[in-house]
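Each remark here refers to the structure printed beneath this line.
Chain IDs A, B, C and D follow the sequence of writing; residue 1 opens each chain.
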């Protein structure tokens, strides 16, 4: 079975995107990314030391991965746009994950600045993946603005709290004709699997892998869970019932 | 990493047990069992036609699997004991899953009769895996009675309702020195993964695979999900937080 | 204890707002509103027949209630503004609940148009209560725009699905210095109580009352539940614990 | 509307039972019981000083309440029976709540010893209310043994964790012809309301009231919440829907 989804003209097989923050070392990060089988890796442009080859985080991202620079640190559309342009000029490719955040306690995205940045960057030829608070009307505008996917949050960044916005993500999946990539909040493989069972196109995981006791094993666990959830979605789960139904015959065996 | 658990002296690598009921054909059942990578397969003795070689469901269970006959149809300890003895005499081995059920609407097990049957059969040398309503005091008695594992239900049989008894299963995992195998109710791979993340030793899945649109793909999905959940449990998940924590640096990039 | 909250300069004692849609008769609506003890009653301006005294729904709203006309039917800020002005000109007072909805399947609000309408109407002296998809940055903008409260949804209108957006409502309560009034989705008194326990200032209920078997008794149930939840919030609930703690002494009585 | 339920031949109007443990003073306990409007009050016989009139907790329980002595401290049926007999001989009446607990970490009840004690005490003319781990087959046996009600736990005693055993309580309500009184674990009024909405006959609350910042106000909150939940159950809640349904007309107002 060939099950892929397409972003920016590229057919992706792995539905697990990973982040590069919070790892205890570059070495562990590299191993975890490899173990995750991710094809798309996000990195804050802020962390890319454009002058130093040695310390550059990019050197520790496997070469076959697609780079998804993010605009972390941007508080307005304008700042996000500037960061995106710098990233492309620096040779990081034309994919960009827009993060516009001015709230420092919950790190919740600013949907309207995000729409503005998406409009500008999509016109400039970027493959734009906006991080968003799940909201149907915003997702529709991001679609019109030329987004390549939408990335609703499951819970605030770094909380490992899981799919707390399930109701709204379900609606985005139902209504929006773009890949829905659940980003932020996913803390355990079971939650990643559930997002995929619901019909998400992919999930992005960072904190849950980077802060695990064994990040490399956890990366592998997420890879398997995402595959499992996707497979289940395609397979068509059986119905849920209120009353029991025997798996084995109940007529008295000994009668 | 060699991660196994032991039942009846046998080290098991796969933590997914599967059932054989409700499949649309023997052929699909065989393919699904193979796809699941299960090492232990449960079958109702009632379904084993001891006289006919041709129709015998056993012929469709992969040869390398351990057979776990169950006492489905038994309404008392006495009946369960009789079925277990017939199964062993018929060459089905000495593993037995005790199901004692007299409730026809929710198919909930009779813990008391289950303890009685466990005592008798463990003394007779059976490897006894009792299906139970999760209850700490009952699990302690099953342990004393010589059970090889305990199999608490997640929800009524065949309902696909998930881990509705999570609170009690968590307590069994915390307090009982036997493998805890979650049996019944699991409807999706994400739920199987969650049971494993909680520290269950294994899960048994039947209805969710057999009634899926594509049972073979769903069996594969459950295999991956169980591996993912187990790996996550071992890896040590990161902490859950109420407030956000940045994965990427937030100091203004453009300052 | 005098526990009130203030909107538009009016101290409100009842924290249950009710709606007037979907009742089987005007008579039952009147009785249900009275049973609810609500002080604020919302009504779609569309349903107010400005020309006919007889059929006018306003005649069936108890005289001591504050009228909260809503802009149901508006698809843009401009339309909402026009409806608000008509309502005021027609003598419906200067409170207005802004509903801007262009999605016909889930009836989810358009936060962006809602902010625009709020800005305009607050400047014109209206007491503006905007219905919104819960989003921290939007709530901040509504606050800046002069909203008198914010009304985040618990679930899509009319679904009776409960507090599906709990995570985001909790954040609004934590961060926004305006009364948070949970509107839409609340299906049972227990859910209204939970919203109040979380610290919501009030809840608005319509479908759950109007479509109950006995709307009058259900209205009374919601009144009690809202009071209960509010009282619990003020009382300071005890801590939640993972392990048990005896309420009664456990030292062996008979020793 | 006269809505009562009957235990031991007595028609009870209040569906909130309260406990007497963990209060910071007898005075506050008395006030909280009065505020709760409870008609049935449970007390550990162990705490009743049968020799001292002054310190006797019974003196602080309002005179119009029915006393429900409990067998806290009993680890076996035999001990529970002895405590029950002492309670009756001491003039505490013939109601008895059976608690048989030998697990000191989670304080989970021993269902089988509980059944044994119920059989003996029911034959001796006691009105027996057994505390139990929710289990359909056990509830059936308690019914046969002559129990006047069954008291399934929502979560371990004193945890304030809520209705964690909802699935099994729902089944008891569906299948058992005795009042189902949810006991233990209820931490907030909203949870008490939910139990009542599900069809429980009553709830027993102790820790959540006694450990609240303001126990008297919390007692009142639980009284209201229990009434609200009961009323909602009787009223017949409207259906839950997946898609939205407008409360107000959506046809464009301005067309």
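Note that contacts are C-beta pairs under 8 Å (C-beta built on N, C-alpha and C of every residue); 3 or more make two chains touch, one makes a residue touch a chain.
Just so you know, these numbers come straight off a predicted model, no measurement behind them.
A separation of 46 Å divides the Cα centre of chain A from that of chain D.
The geometric centre of chain A is 32 Å away from that of chain B, both derived from CA atoms.
Averaged C-alpha coordinates give centres for chain A and chain C that are 34 Å from one another. Annotation for chain A: residues touching 2 or more other chains are 105-106, 108, 156, 161. Interchain contacts close the chains into one ring where each touches exactly two others, per the touch definition above.
This structure has the following touching chain pairs: A-B, A-C, B-D, C-D. Remark: chain B residues 102-103, 105-106, 108-112, 133, 135-138, 155-156, 161, 164-168, 171, 175 touch chain D in the complex.
Those residues of chain D lying in contact with chain C across their complex are 1, 19, 21-22, 43-47, 70-75, 79, 82-83, 99, 101, 104-108, 156-161, 187-191, 193-194, 197, 206-208, 210-215, 217-218, 220-225, 227-229, 231-232, 234-254.
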